[in-house]
Each structure stands twice: as C-alpha cells, then as structure tokens.
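What follows is subunit A paired twice: with subunit B in the first complex and subunit C in the second.
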Partner chain A sequence: MTDHARGTDTNAGSRTPRGPVGPRVPRALREPAVAIAYGLVLLTVALLVIYPTYTILIESVRDPEGGLTLSRYVRFFTSTYFLHTLYNTLLISGIATALSMVLGFGFAYAITRTDLPLKGFFTAVVLVPMLLPAFLIAFALILLLGRNGVMNRFMYGVGEWLGLADPYVLQWVIFGSHGVILAQTLTFFPLAFLVFSAALSSIDPRLEEAAEDLGAGYWYTLRRVTLPLLAPAAFSSALLVFMFNASAFGAPAVLGGGRLFFPGASMLAPEAIIQILGLYDWGMGTTIAVILVVPSLLIYVGGEYYLKKRSYVTVTGTPTAFRLGTVPSAVKWTLFGLCLLVSLFILSIVLVVVAGAFTRTWGVNYDLTWRHMATALQASRSSIINSLVLSGGGAIAAALFGTLAAYLFTRRSFRGVRVLDFTAMLPYALPGVVMGLGFAVAFGGRFEWIVLTGTGAIIFLNHFIRRMPFGLRSGGSALKQIDPVIEEAAADLGARPVYSFLRVTFPLLRATIMGAFVFGFINMMTDITAVIFLVSPRWRLLSIDLFNAIDAGRLGVAAALSVIMIVSTFAVLLIVWRASGRGLDFLRRG
Partner chain B sequence: MTPFIMATSTLRLDSQPVALQGVTKLFGNTAAVDDVTFEAAAGMLTTLLGPSGCGKTTTLRMIGGFYEPDAGTIHIGTKFVNTVPPHARSTRTVFQSYALFPHMTVFENVAFGLRATRVPRGDITGRVREALDLVGLGGFAGRSSGQLSGGQQQRVAFARALVTRPEVLLLDEPLSNLDAKLRVHMRSEIRTLQQDLGITTIYVTHDQEEAMSLSDHVVVMHDGHIEQQGPPHDIYERPATRFVADFIGTSNFVEATVESADAYVVRVAALGTTLVLAPPAGATLRSGEGVLLVLRPEHLHLEDAGARDGVGFAGKIASVSYLGAVASYDVLLDGGAAITVASPAPVGAALRRVHDPVRVRLEVDRVFVVPTT
Partner chain C sequence: MRKLVVSLLAACALSSAAAQEVIVYSPFSDEFMQALARPFTEETGIRVLNIVISTGETQSRLRAEAARPQADFWLSVRPAILEQAFGEDLIEAYEPAGAEAISSAFRYEEAHITAVGTYPLVFFYNTQAIARAGVEAPTSDWADLLDESYRGHIVMPHPATSGTAYSVITTILQSQMQSGGTEDDGWDVVGRLAQNVAQFTRSGRAPQTLVSQGEYPVGIGFYDAVWQLQQEGFPVEVVVPDPVFAEPYGAAIVRGGPNQESARAFFDYLLTPEAQTVLTQFGNYPVIGGITPPAGGVEVPPEQVIDVDFRWSAENRDRILSTFQDVTQAEPQ
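Take a look at the complex of A and B:
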C-alpha cells in the first residue's frame, strides 16, 4: 500500500490488500493475450532492430585477431578519398535538400492556396516519383539526357545543322553532381510537398486573415505569419529529406561515375556497398554504415522529441476554408509555370522509360520491338514473382504488425513503453544500407547464430521491419482519433481484449491498415539499398535485376523491367483499391 | 415523443449490491478519490453527485473495472472485484458519449455483448428484439448508429447494456448530451425503467436536481472525498457541511458563535440575537466556536415591517428578481447581513420594491448549523 493510502487509512484491518498479482506487474500485462503480444513485439524489435544494429557496430570495431580496434575510423577520417566521399555526400545532399524544399513548397502553396487550373493534375503527378524507385528516375535521366539521350541527340542535330565545329557543345550530359542532384531532388521533393501541403492546410486561415485585417499586405503576411508558422514542419521535413539524400544509393551509383564535386570519390552509401560487395572489406563497409547511422539518429531523435513539441500546426476536426484567389497573379502564374515544367518533366520520365522498353536501340534505332520485354519476362520471371510475393507478404505483415504495436503502445500502455516505441521506430530512421548490411552481418553466419543468408526469409524480414514503422505511426495517429471509450464499451459488455481488438478496433482502423500496406508494398517493390546485400542466386529480386541491367548498360532490358515493375505494382494497388475502396486516401492526406 | 417503456420487461435480473470500503485512487501524487466508503443497495438507484473534478466518474470507473483502486476494496455482491478486468465483471455502463460502435448497426451494437460472451446464437435475435422493444426502438434494428438522434442513441446504449442482464448498471452522466426538455423526460423514464427492472444502478451526475429527483440514495462528493450521503430529502434538509448546503439548492450563510451545546440543542449568537437550534449530525460543538447557519431562501418569509410573531429581522429590500413562480429578494438586514429570500410570487398583486422596509422571518427548525470549513 502506498504511503498516501496508509496516511488516510483509518480502518486498515478491514481492507483487503491488493489482488493476487503483485503490484510490480503493469495492469495491461495481466491480460495473457496482451502479454503475449508484447512478448512478440519485444522479440521482433530485439531480433530485427537491436541485434543487427549492434552487430554492425561490433563488426566495425572488430580486428581480425578478435580484439577491438578503432583503426578503420581513423583511416576514414585521415584518408583524402574517404573524406571526399563524405564531402560529396554533404554537399550534394545539402543542395538537393534545399531544391526539394523549394519545389515542395512551391507545389504545396500552388495547390493549397491558389485557384490555378490543373491542380488535380499537379497533385497526381507530384506523387508519381514516390511510386518509382529512386534509381529509375536516374535511369530515365540517362535516356533523356545521357550521351545518347533523346534531348542530347536532338541538340547534337541542332549543332550539326548550325554547322558548329564541335556539335557536342550544345549537349547537357547528365553524368556528375548536377545529375545526382537533379535525380535526388525529383525523388525526394514529393516528401517535402506532402509535409508542406499538410501544414499549409492545417494553419488556421483566421491567422492570415487577422494579419490582413491589421493592415499587412500579401508579402508581409507571407513573410511574418505564414512562413514562421510553417518553420517547425519545414525544419523537420528538411532534416528528413537531408537524411534520405545522404543515404541514397541509386542516383550516385547510376549518374555519379566518379565525376562529383570531389572527383574520384563517390558518396557514402554507394561507397559502403563498394567496400562490401566489391572489396569484401566488411570492416570498412560497416564503419561507413555506422558513420551514416550517427547523423540519422540525431535527426530522428531531434525530430521526434524536440520539434514535435514546437509545432504550431494543429490538426482539428474543423475543415479549413482558405479564400483562394488572394495570391497576386504574378506569384500565381510563376508557380503555375514551375508546376507545369516539373510535371511535364516527371511525365516525360515515365514516357521515355515506356518508349525505351519497346525501342530496338535507344538513341540509335527507334524501331518498335517486343524483344526487350520478352528477354526481361523470360530472364526475370522468378525475380518478378519473388518481388511480388516477398513485398506483398512483407507489406501485409508490416501493416498488421505495425497496427498491432500501435494499439499496444497507445491502448495497453505502461511505464517504459516509450522506449519500446522509440526502438521499434528506428528502422524508419536508419538508412537502407545500414539495415541491409546489418541483416547481412547479423544473419549471415559471421556471428554463427542464426544463419539466414541466401533465403527468402531474410529479404522478407528486412522488408517487414523497415516498413513496419509506417503502420506503427499511422496506426498510432488513427487511434488518437478514435475515442478510447469505444473500446471501453466493448470491454464493459464482456469482450475480452482479443475479441475487442478484432471486432471493434481493427475494423475501425481498416483504411489506415490499407494505407500502411500500400505504402509498404511500393517501398518494398522499389527498394534496392537494403536488399542488395541480401539477394542470392536463388532469391533474386526485380529491383536488383533492374539495377544490374542499368549497371551493365542494357538500357532496353532495363526499361522493359521498369515497365514490368510499374505495371505489376499498380496492378496490385488497383486490386487493393478495389477491395478497400479507400486504400490510397492517405496519399492525398499525407 | 416515443415512450421509453414499450413493454413490461421479461428481463430477469439478479441485482447485487455494490460496496466500496476506503477506496482511494491516485493520479500521480494527487488522490482523485480519497478514502471513499459507501454501499449501493441491491435494486436501488444510488447517485454520485458533485462538481466536475470531484472524483465521481473516477469512482464509477473503478466500479466498472477501468481503473484499479490504489487502496480499499470494492465488492459486487460478495465478490471482491478490485483486480477483475471490465470484461469479466457483471457491471454494464452507459457512457456519457454512449460509445456506440460506429461501424455496426443498431442490432449489431445491442448484440455485441451477447456475442462477445458467447451467448448461444439462437438466443441472440430474440433477446436483442426484446431489449430494443424495451427502449422503444423495435423498428430501428437495421439502422446504422450514425443515423440516430441523440435520444435514440441513448436508448440503444441502454438496450445494449441491459440485454446482457447485468447485476449492476452504471450510468455516467447519461443525460448531459440531451437538450433540456428531453433531459427531464428521459429522467423519469430512466427512473421508471430502473424501478421496473429492480436493477442496482449507480448514477453519476453534477446536476443536483437530477440527483434529487432520481435517487434512493445520494452520495455527495467533493475533492475526492464524500461530504455527505443519505436519502435525497436528508441531504437537502439536513446538509452536514457548508459545501453540501451550497451545492444542493441555494443557501444563505450567516456567521454565528456557539454559546452552549449539548446532544439535543445548540444555542448560537447570530444576527444580534440568540437562536436555539438542532445540533448538526455527527459533530460536537464547543462554546465559543464559530459556525455557519444555513438559511434556505425558500424557508425564509418576507413580512411587512413591524410584524412580531416568530423569530424575525428587520431590513430593507436591496434588489428584486421575478422568476415566474417565485420572486427572489435580496434583503439587507439592519444588522448589516445580506440575505436572499424566495417568496411565492403574488397573483395579481404587485411585488415588493427596492428600499421597501420588510421583516424576514426564520423557520427555526429549518435553520441548520454547519462547521465553518
């Protein structure tokens, strides 16, 4: 009994002490089903998050004799080559992040605050890059702006026609820093767009009206009211975009070609892959991975626990109605031009890939052919099936498990659950290279404990754990919208926790679970940075086949594989959409 | 308006008493409920009455199993239930927001508790129909819960709770989401239903009028502890504390000093005279101690200045408000005290006016002594 209770107790003899279960066991865990579910979550997090992260850390400081050494870290920070890798990463990520923020804000502002035509079209197109693998955009840029790209062939023709001594002078070849920046900006600006449009539409319109009412003009209101209100959301999304940029692999691998700001050196994520898969230097590879982990973690912790508290943007149930059409027309039409240009560029990316798939030799012979498609379907048949099965299964598992964990953490919470929640969210923050390498080391026999190398299970588990956090977060925020009294009513009417979860909570979360599935599925289908460490001759994947085809310069087959990837992903989504009716709602809501 | 009771129920209920002994619930370091002891007798309606934050809902939630007491015991019948989870208790709650399942029809809502507790499939339809008939919603089984008005939602919530034949019914401010007229109507229907079924009911409210009109037993709570409990007329007529006197009805408080006190009478000096009054229940007063006299406006009588019978005090009318059935007068007594008097409004005659000299007469047997704190 507590001190307080004893203090007010005037009749202690008549009281029965606490129930049979000791006071140390949190009440939530006294339900066997809840305790088992918590056990499952704990086991999953320990095995698939903590263990791989730990093994990477250990591997990076383990010397061949079995002792501990920091020599690789010393080597990294003293070698010009590795330092150049770091500088390239910081510079390119910084520039790409800034461009993504500008583009994302421009789109979001145009769509939420103006009465521009084609808004529906812009909204749809801006989400396209999210459905494509990052390296696919880089690949499409080669088809457009490579040496034999459509645009550059055209410019060469223009040069010849003008009778220039060097007709190549008019070409703008995509290889190098500018290409990587362009590809990464296109890949990540939709994320900034989603954050900005959510933030912009949840600002109370009365704040801006109040500013105008007090005599502030358009620019003054924008500068002193709107933008400062967006600052916390903008800052946290900038950090996130920077982190994704810094750990990106696809664009630098496809477009970098040793011609970045610091020539000869690549970027961190591709360098880690080169060290492992090219040089078999597991020590150096894991060291680079750890160097990637540190800023990711700082950004994640900062975003989760500092910025969230400062957010001015509140989600209310009241729909906000902005008076569209108060934006000066110069601003409006500038934004329209920007959106149209970017949208057309994104569309041309999809178009050249489709065209490339049915063209004999890109840049040379544009005859229609089914040859690439036939080759792709034949050579990658098992990869396609593997990808669909592992992504489908992984996405279902991730959505369901994430939702279950969200339910436990919000509805069956007790002291210490925050730590578990934090750990379960980590795979979201950790770069794909780190999670892939972590799995390869942890389950690859180097620790001779659980060996999963070469199995489909290792890919499935990696897919699952990396996208589970989305179900956890979206489930958590959906649960916050559902009054807990609904579940109390179920318990009150005699429903046990499992029954209540299956018959009340779960049906109410259906749309959220569908959203988590869709997001997870797309990301798993297009993932490459993590699974590149985990595929094996028996378990190949569509995304890896595609990457290899690009890497080998087989552009036609690569384009065919891209089309297959896009079509099969959309086919699955269409089925889900049909089945659920509202599966993709979350994309529009962000 | 549909009558609440459509059919005399064939529901067979096994009502049980609920007993709380020294129940305490801490949130952090503050006691939301502090050493609460009362019994809700079988088949009776017990009200937990108090302002928001007094711990009444927390107490109800402990009885329902949603919170576990930090100290003390809760028994339903003879069963010790402190650690029994909600789903394993024989209590059913009608929540303030009704908490109907939004993804289910009216029928499914009412059937939920039967299905969850594995009532044989064949019995379910009949029992749900019976419960819906009982609350006058026989034709609404197929509606979705979103298509119902507030009053209808509440009926569904009642049917959903009663269909499972609970031993105890818990009502958490069930009328607070209804408009004023419907509230009064539903109040009497709830009381009729409760008495017809003879079900032990614990009713939480902050509305003293609701508590007075519905209850067999009222428990007045304040700051987590019980101020007073008893039948409604006891609470009203013999308030034990200043808080109760103030919260139930309206009261004038007059400072007084005890001159002498024994078990049968207390003599106090107040308003420049000595009054002989009944002593407060359960408190011993000492000579010289300061106390408060509780004077209900409706137990005071306005007379023309100069009247002499009974105990009265001269004063002047300070303000008048006409409320229809009664008129409320603020009177400034010659001794300096201000006091409110409620008089039946005269039919066809003029009200008294401000500055009129008057005399305020007390009914000495309806003046109560309470401790100053």
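Take a look at the complex of A and C:
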C-alpha cells in the first residue's frame, strides 16, 4: 500500500497547478504539502469511488453490440418477478425499520430516563449485534427457531405434553418474511438506539421539567415536548436504518428462500448477486445494483439536507442531569420487560452459536465435539489470516486517510471542497453489492489498464474505501470541537503545516482515529456483500467461508467459524485497546 | 498508475512462481478438498488452493477470466459442461496417466472428457417431515412426484445456477424421448413437476440441507451430499429413481492457467487408488476398479441407469434453460 500511496502522490503532484500561483488557486492549495494531500484525496476518490460507480452505470446500459440500451431497466419495471423483488425489499425494509425505531427508542428511553435496574447490562447487550454480521444473526435464528431449532424442539415437546393432535402447531418457524424482518431488526436497532440515546441525553432536562411544572402530565410532556425534540434524530436514524435494511443481503439469503411477502421473488441485493454469480447476467445484475442505489442516494442526500436545515441544539453548557424516576412505574416496568426480553434473546443468539460449534449434529445429536472446531481451523486457516490482515490493514488505512481528509476539508477548506466531501462520503451510502460489483467490473480486466482481480489488493482497497467515511465523519466532527487557535499557535511558533498536523492536530484526534479503526475493522471482518465478488482461491476470507458453510448447511462448521470470527475480532480489539491504553498512559505521564 | 499495476502484477507472478501450487475451482467443500489434497501435497510438495463455487459460477468466472486465467483446475464437472467449455476454449484436453484404469462404463471417446468420480441423482425424503406433511414416501417412479399431493413439498435446485438441476431436467427430457415420446412430453413433465416444487435453490446442495433439517419433506439431488448427512445422523432416506442419472463427473485443466504442470500432476493423482479411496469417504463412487464403494451406500442397478446423450445436453443448453424459464417462470432462490 505504501507503493500505491507513493505512486499516486507523484501523479497527484503533476495534476495540481504548479509554478507561479495565479489568483484562481485557492489559498489553501498554495502550501505544497496541502496541495499534494488534496491531490491524493482527489485521486483516491476518483479511482475508487467515481470510477467503479461509473463502470456499473455503464455496464447496466451497455448492449452486447457496444451501443447503449435501457432495455434492462424496461425489463425490470415490466417484469412481475423483478417488481416483486422491489416490493419485497420496500415492505420488509419498512417494517424492519419501524420495529428497529421502536426497539431503539425503548432501549434509549429506558436507559437515559429511568432508574431501572440492569441498565449497564442492557447497554452492553444492545451493542452486541453490532459486532455480529447480519447473516450470522440469521444463522443463529435457524439454530434457535428452525424446524430443528432448540426453541421449536421445545415447543414441539410442549405440544406433545399437552396432547395436541398436531404438536407442530406451537412451532414458530423462522423461514420467510417474518424471519428476515426479525433478523434485520436485531441487526439494525442498535444503530437507532445509539442515535436516540445521544439525542435523549442532549435534550435540556429543564424543558421537560418546565412542562411538568406548568402542570403537564407525563404523557402530555412526552407527546408535546420530548418526542418533537427527538424528531430530527428519529428522522435521520430512520433513514439510515432503512438504507441499511434495503441493501441487506445476509438475512434474505439465509432465511428468505422463496417465501417472502411476494413469494418466489427475493430482495434486491440478493437478486443482484444471483444475477451475477448464478446467471452470469452482468447487465441485469448491475441494473439491479443501480436501482438499489437510487433510494440509498436519495435517502442520504435527503438526510444530509434535512439535518442541515433543522437542528434542535439544546446543549447549553449547564449540566443535563435528569430527575430520574418521574416516569410512571407502569411505563417503566413495561420498558424493563421489553429490554429484558430482547437482551435475553440477543444473549441466546450468541450462546446458541457457541453451543452449535461444539455440538455434534444440531437438532439430532447433542454430544459434545471438537470436530467442527478442528475442521474449521484447518480448512479456513488461511482465510482467517487473510481476513485479519486485510481488515486490520484496511481499517488502519481507512482511519488515517479519513482523518487526513477530514483535516483538509475542515481546516484547509476552499470553495468546491463540499463536492469532494460528498463524493468521499458516498461509499457509506452505496450498498455493498454496488461497491463490490463496481470493483469487480472496474478492476476485473474489462479495462486493460488496471487489473486487480485475484489479488489481495482489490479486497484491501474495497475495504478501505467503504469504511474511510467513518474516519472522515468522526474526524470532521472532532475537529469542529478542537479550537483552531491551537494550530494557529503552532504556526505562529514556526511549525510548518505537515509538522503541525502530525504533532499537534493528530495526537488530539487519537481517540477519534481509534474509534474509526474499531468500527472499520468490525465492518470489514463481517462484510460479505462486497467481497463476495472479489475473493479468489489465493485470497479467501473468513466471512465468505462462513457464508458458504451456512449456504451448504454445514451448521456445525458454520457455528465454529462464527465463534472463530467473534473471538478473533475481539482479540484484535482487545490488543488494540490495551496498546492504545498504554499509549495514552504514556502520553499522560509524558 | 501503469507502473503500479505492472509492479503489482510482477509481485503476483513472483509469488506464484516461488511455491508450487495448483489453484482449483470446485463445488467440493473445504474438508473434502483438503482430505483429497493431503496425500497429493505430501507426495509432490504441490499445495492445493481451492475456492468453493458452483458449476455455473465457475463457468462465469472462467469466461470472465479467459484473457487472464486465475485458476488451473476445475474439479467435478459434468461431461455436457466440459463439452461446452471445451467449445469455448476455456479448458484443455488432457489424458491423465492412469486413465486406462477407468471402468469401461465411464470411458469417453473425447480427449477433453475424463471421468473422475460418480454418484447417482436421487430422490430423498425426511422421514419425520413426510409424516408431518402427510405425504407418501416417493417411489422410484418419476411420475409419482407429479402427484398433486406433493404440491409445495418438493425442493430442487435451479438449472440456471446448478449443474445438478440441469441434469434433472435433461434426464426427464431424454427419458421421455428415449421411451418414444417427444421433447414436448418431457417439458410437460417438467412443468408439472415445477408446480410441486416449493423452492428452486441456487446451490445444488441446498435441497439436501433443507430436507435434512425438515424444512421440506422431499428433495431431488445428488446422493453424495445425502450420504454425508446420513452419516451425521439426520433422518433422511434415499430412493434411487428409474431411470436414474448416474453419469460420472469429470475434471479439466483450465486453458492458460498459471500452473499447468501442477494441474496435470493433480489430474494424474485423481485417478490413483489413493485419491479414489478418499472420494468414497465423502459418499462418492469410484470410477476405477478395485476400490470399495462408500460404506453403507445405496445400490445403483446398472439397468436403471439412463444412457444420457451429453452432447445433446451441451448443444441445447441455452435453449433448454430459456424453455425452462418459460415453462416454470421460476427463479433461483
């Protein structure tokens, strides 16, 4: 990667204007280091965001003779089958989003506004699904609620015990729309939770207290004061959750079968993958990918626009401690029940995967065995190493590069930077299928000048560009809270921009970079939708091995691989956390 | 940028030249591939790298990579697909050492088709699930599966994405044609069968899993996967249909692959008694004499085996797939 960076560096230098600086050159770019850095960002964005997205668009309208055609779009919107795929996507995403909002709000409200017991436990458990890939949650649901799942076995037993004519009537089998909705809700509600709890804690408690002092009851205050104040947060998290839901692949692939609301049809993201990997129809696959991009982009742009226009900042600098305990106890204990139920369910998901890894044949023979673990470790050893190396490297690169870009965009800004910022953020909004497919087409030999298929580099670059936006966004908001005066002081003392960035700004952003790394790393380890197009015999990945094992129904091996994935991810995070903790201590002492 | 690409390519070329290896595309599971590779690697020092992908996906990849092949070897391919791939210049003809040991029933005249292993295409059912669904266990008669009582109770793969399913369809069409009917009679059977099928899976192995877990009572698919699930203890029973498709699968060397030499060595190895014995440990039947079939495996009466015209299957593949789409309106799931 250093080669790559160096290579683009020199190229970038030749792109930016040199020599006598004319009046048109923004002042920020007159500093050579800044100009080079901008060149690097521009080149990265052009090569890894614009180029793959463009190739997908072109691929979807290219006819075999070399001309342009909209026939695939016409086919999509006139075919019952494809329209059903779209309807399934919208319906399931809509319901899962609504449920995620309710759950996210319930948890956030219970944790920020009540004095319930077990709050620490709930907070920890609610974040667990963020560490698990969506398809792993879906897979765990099979172990729990498939026909041979423990819960359904139990319900069958209950049915028999009750002497029912059909003991199967008590079973609730997970395959179908309800399963996909449940899996996706569990996967995405923590996101809604995070947004809601941040919003709830930033509301000035005096607003609600004032309402109650003026005689408003609990429900009236909730309805007329608290909820309206939460509207922007609710809106933005709903958009985000819907976007993720709509581009989800794992749950529909594992639990969908042909049994969604519109039976026989799947959802958009899995359909795009089937078209490409199953039917070799690149035209149709890319067309579906483009169709999938449209709502995501609209939502992303809409969300950004809405949030810019409307901001209910109620942070005033005064302490925001709430009078906990004003919530009616009926509400409180209902929330407690909800939180407890969901938390136990999440825990049972983790437990069932661990149990499955050491059980001989799930649903048939519950003898303990190491066999699956041995098989998984042996068969996937290189995949595990590849995943750790590519995710680790990718996450470091993404966090650092994102932060650098954030620094440029906030501190060395000029007109037009907003466009660059928007484009650099795009991979966050673009579905994994689109980014993976885009890379496969763009770097797959269709254009002779750059071929990366079969290499680790293509996976690394894909990881990098998809998670770089984390560093960009969090770096940006962190920088807004750091007074530029500190950097100006460094400049006044004679520090050059590079020195000032490396020695002053960068250390201040340490925690942010760490956060971007952690988030990026987890997402890279668990990704399948993008990398499914990019793996090769030499560069296999743990997540794809796991998906294949689930797909082939090798439940024991799949569970073992899941455990390996969870444990290795945690191990890396623990090492990083320990290392950085020591690093911070060192700083403090220094 | 060009420099960067060139250096990246050079780095890849160097690293592959350093260690001897063979890169394999195959639907075989990792465990199977590793068990198969172990004696080979011990003997030759050549490492076997594999990726688990279906027949259809492999075809897609080989076509996409034709200008710059990424793989050396393709394992477990039907003769019809080999015929097609050879026609597209994707694979090379190679007669492995030891080919003379192949039993006469599995020999092909074509130099680019060499049998490696075999297993029959069977009906299988979950004993608990058929009781629950209230349907009869299937008999060996294909016509029985067309009965209305099976509606929504059968699972099979989709022929566009699975070589297994393509074999199901061609078996039905050819058995009709061989018993005095027309191809249209065959499509009539396919259409009626499709009405009973609840799900056309993307992967050829998914039906076995779904049936073993009781999601569907009855499935159609290859025996090896059923055999493996039976070893695990799942309540699955097998019926050998009449006629039964028991064509061998073959293998091929990818044209222009990076490790031609290793690929040839691997092909030679696959026909040794050692490799053939590993096949039987995963529910496959050997193609050379003197090897014990899989323990507890079903009997496949030779007179029941349909003599498939694989060339017809290969030549008509696109037409058959599009007719299938028209007749069934079903998509892979």
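Here is the rule we go by: the second predicted complex is superposed on the first by the 553 of 590 C-alpha atoms of A that agree within 3 Å, B and C clash if a C-alpha of one lies under 4 Å from a C-alpha of the other, contacts with A are read in each partner's own complex, and residues count from 1 in each chain.
By our rule, contacts are C-beta pairs under 8 Å (C-beta built on N, C-alpha and C of every residue); 3 or more make two chains touch, one makes a residue touch a chain.
This is a predicted model, so every value here is computed, not measured.
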| item | value |
| --- | --- |
| Subunit C versus subunit B, contacts on subunit A by residue | C |
| Touching partner for A:27 - first (subunit B), second (subunit C), both, neither | first |
| First (subunit B), second (subunit C), both or neither touched by A:483 | first |
| First (subunit B), second (subunit C), both or neither touched by A:326 | neither |
| Which of subunit B and subunit C A:504 touches, first, second, both or neither | first |
| Which superposed partner A:495 touches (first subunit B, second subunit C, both, neither) | first |
| Footprint overlap on subunit A, comparing subunit B with subunit C | 4, 8, 11 |
| Subunit B contact footprint on subunit A (complex, rising order) | 1-2, 4-6, 8-11, 14-16, 18-21, 27, 30-31, 483, 485-486, 488-497, 499-500, 503-504, 507-508 |
| Subunit C - residues contacting subunit A, complex | 1-5, 7-9, 12, 23-25, 29-31, 34, 49-52, 54, 56-57, 59-60, 63-65, 67-68, 70-71, 129, 132, 158, 160-161, 198-200, 202-203, 205-206, 208-210, 212-215, 229, 232-235, 329-333 |
| Touching residues (chain side subunit B, partner subunit A) in the complex | 21-22, 24, 26, 29, 31, 34-35, 64-66, 68, 70-73, 80, 82-83, 85-88, 91-93, 95, 97, 99-103, 112-113, 116-117, 160-161, 164 |
| Subunit A to subunit C touching residues, read off their complex | 3-4, 7-8, 11, 81, 142, 146-148, 168, 173, 175, 256-259, 264-266, 274, 276-280, 360-361, 363-365, 375, 378-380, 444-445, 449-455, 457, 535-538, 540, 545, 548, 551-554, 557 |
